[in-house]
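There's a structure below that I have some questions on.
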Amino acid sequence: MTKGRLEAFSDGVLAIIITIMVLELKVPEGTSWESLKPILPKFLAYIFSFIYVGIYWNNHHHLFQAVKKVNGSILWANLHLLFWLSLMPVATEWLGTTNFAKNPAAAYGIGLIMCAIAYTILENLIIKNEGENSSIKQAIHSKFKEYISIVFYIAGIATSFFYPYLAIGFYYIVALIWLIPDKRIEKTLKEN
Amino acid sequence: MTKGRLEAFSDGVLAIIITIMVLELKVPEGTSWESLKPILPKFLAYIFSFIYVGIYWNNHHHLFQAVKKVNGSILWANLHLLFWLSLMPVATEWLGTTNFAKNPAAAYGIGLIMCAIAYTILENLIIKNEGENSSIKQAIHSKFKEYISIVFYIAGIATSFFYPYLAIGFYYIVALIWLIPDKRIEKTLKEN
Amino acid sequence: MTKGRLEAFSDGVLAIIITIMVLELKVPEGTSWESLKPILPKFLAYIFSFIYVGIYWNNHHHLFQAVKKVNGSILWANLHLLFWLSLMPVATEWLGTTNFAKNPAAAYGIGLIMCAIAYTILENLIIKNEGENSSIKQAIHSKFKEYISIVFYIAGIATSFFYPYLAIGFYYIVALIWLIPDKRIEKTLKEN
Amino acid sequence: MTKGRLEAFSDGVLAIIITIMVLELKVPEGTSWESLKPILPKFLAYIFSFIYVGIYWNNHHHLFQAVKKVNGSILWANLHLLFWLSLMPVATEWLGTTNFAKNPAAAYGIGLIMCAIAYTILENLIIKNEGENSSIKQAIHSKFKEYISIVFYIAGIATSFFYPYLAIGFYYIVALIWLIPDKRIEKTLKEN
């Protein structure tokens, strides 16, 4: 089975997720700059989620560059990842409308951790399908970035009940770790 | 005529259908976990419909892997399938907002049965167009899964007027039957 | 310049247009079948517009099958067509919410006639770009279908102020004329 | 890394941005032509933004025609451009609902200038990645159009606080400058 349609469908879903979040930025009634103030926390939440979905698209892109074949399990693991990503607009809206409150910050972190788990499952199934000597296996021999992300997410969720802004800080650090697309894959692809 | 754009257009429509359903998950007013409670049935309905649209995308993907050429009738049969699938968000919302009531459960089943009929029409037109000796004809020689699905859908619609949750159970069994993508096509494609 | 991205972008826009119309089918408050009644005219309008956008996608698909190269004018003529098609959801909603009233029926017809004009402009620019001896020129030597459509649209708009349902009848006839994708192109492509 | 998915994802996001703006054109309650009047400024704003997003899609298309390879920085520069473009529907709605008021006209101009800056960054990164002798470098040796646009945008933002319609006039002139897709790239591609 070719990977073309899996990529096209994922691109479509990710493009919609990243764009419908903007629909929540309802314009104010007035014409003054002050009237924009209520949508400011929503706007910050939007920027944050835009970067996160961008990171996932970027890494998805890198991951599938190295993929040669897909199977039924990979199709479902990909849909599983898209499911958790599709909840990002809802989590973003809750975070934005409540002005970064405690429970919404925790819920946002839980959403992020589920995306990370889904991505890891997808990665593992792809490596298993490609085989032990594949370039993807060589590229992702160390899973340090994956493990450290989980740790920061758990730290973020734990602190969200006390200092939600600190929780966002933890999620922000994970974003920074992944902002640079997967050099491991780029490097290995170039060598082979 | 090439099948590329039919696949791209279908991917686009399915990606939108699967994602706009999430727009119905309106976030609660409060910040407490209890305030999430009213959207719980909507969330369950969303998961259910996400899986169903995922199944259709998966099988559509498998079906067209084996297709070599398309014609005008196939384009319309495909649009017919997309039409019934496009009603899934509405049926899902009715099911979710009414907390899985009787009529909405029946309406949901009627929607599913129309999708199944539209898919079978598409399958038949493709087999007819590819010819008797095509790999797709060999792959789908038995239509057991299609027939058993129709039976379960009818059972689900019939019981929905008495026990709507049992109806959802019937629809769930059909989902399980199709969750594993069409091994018949995968197998036949590999042999040829 | 290659035509790939023009097709992909058009597929995306058409997929969104055809799907967002369903967002207008707001589910009723109640659980009874009677509570579905208010959305019935909207549903009929949705079916009608779904078929119309389907026809445009189908003919766009056929037209570009025969296209070898595109230029700046064709890109803009295509965006011009997409602009008028993007107004279909608004026209559909007005038609549906007012239960097929006079002015909305006329506005719907004006929308359809603008789409038809935009499509003809696109067709002419493509023929001019492909050259006099191109297969597309041979395929579309007769413009009978285009002319008769304009006549029926004008008849529909004129009658809409007296009998809006008759106007819809006229638009329906044009849909029937175009429902069968452009055999002229299919035939000429096969011969060459 | 191939550019295919970057183009597909950008096409998806741009197709959604251009189409969701139409969701703001809420149909009137009545059936009279007068009842359409309140959505007229929104409609004008929609036309304007449709043309602007069309221009960006067109130039994006032209730019990537000449691109042979992409890297991580280009992926992010592209996402950065899509981010600013994704704010167009919000800016358009504010402009339309306030009937082209002063602050919204300024905000719209700020949005446009951010898109122009993001586009220039993307262009520079692509030229750097393709190399000094690439056809893209030769094509975009003069940046006159980019510089004059920035000047007009600043003029527009400055006047928007006094005469918002004049500001729109300035933005309109920039649109006219870019309406004709990048002949520089088309010409250079043909020569090579």
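Letters A, B, C and D mark the chains as written, and numbering starts fresh at 1 in each.
Note that a residue touches a chain if its C-beta (ideal position, glycine included) is under 8 Å from a C-beta of that chain, and two chains touch if they have at least 3 such contacts.
Computed from a predicted structure; not experimentally measured.
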| item | value |
| --- | --- |
| Same-residue or different-residue interface between chain B and chain C, half as cut-off | different |
| Superposing rotation of chain C relative to chain D, computed on C-alpha atoms, to nearest 5° | 90 |
| Chain A and chain D, separation of their C-alpha mean positions in angstrom | 26 |
| Whole-Å gap between the CA centroids of chain A and chain C | 37 |
| For chain C, residues contacting two or more additional chains | 8, 12, 15-16, 20, 23 |
| For the chain D and chain A complex, residues of the former touching the latter | 1-2, 5-6, 8-9, 12-13, 15-17, 20, 23, 71-72, 75-76, 79, 82-83, 86-87, 89-90, 93-94, 97-98, 101-104 |
| Chain B partner contacts - residues on chain C that touch it in the complex | 7-8, 11-12, 14-16, 18-20, 22-23, 25, 27-28, 31-33, 47, 50, 54, 57-58, 61-62, 64-65, 179-181, 183, 186, 189 |
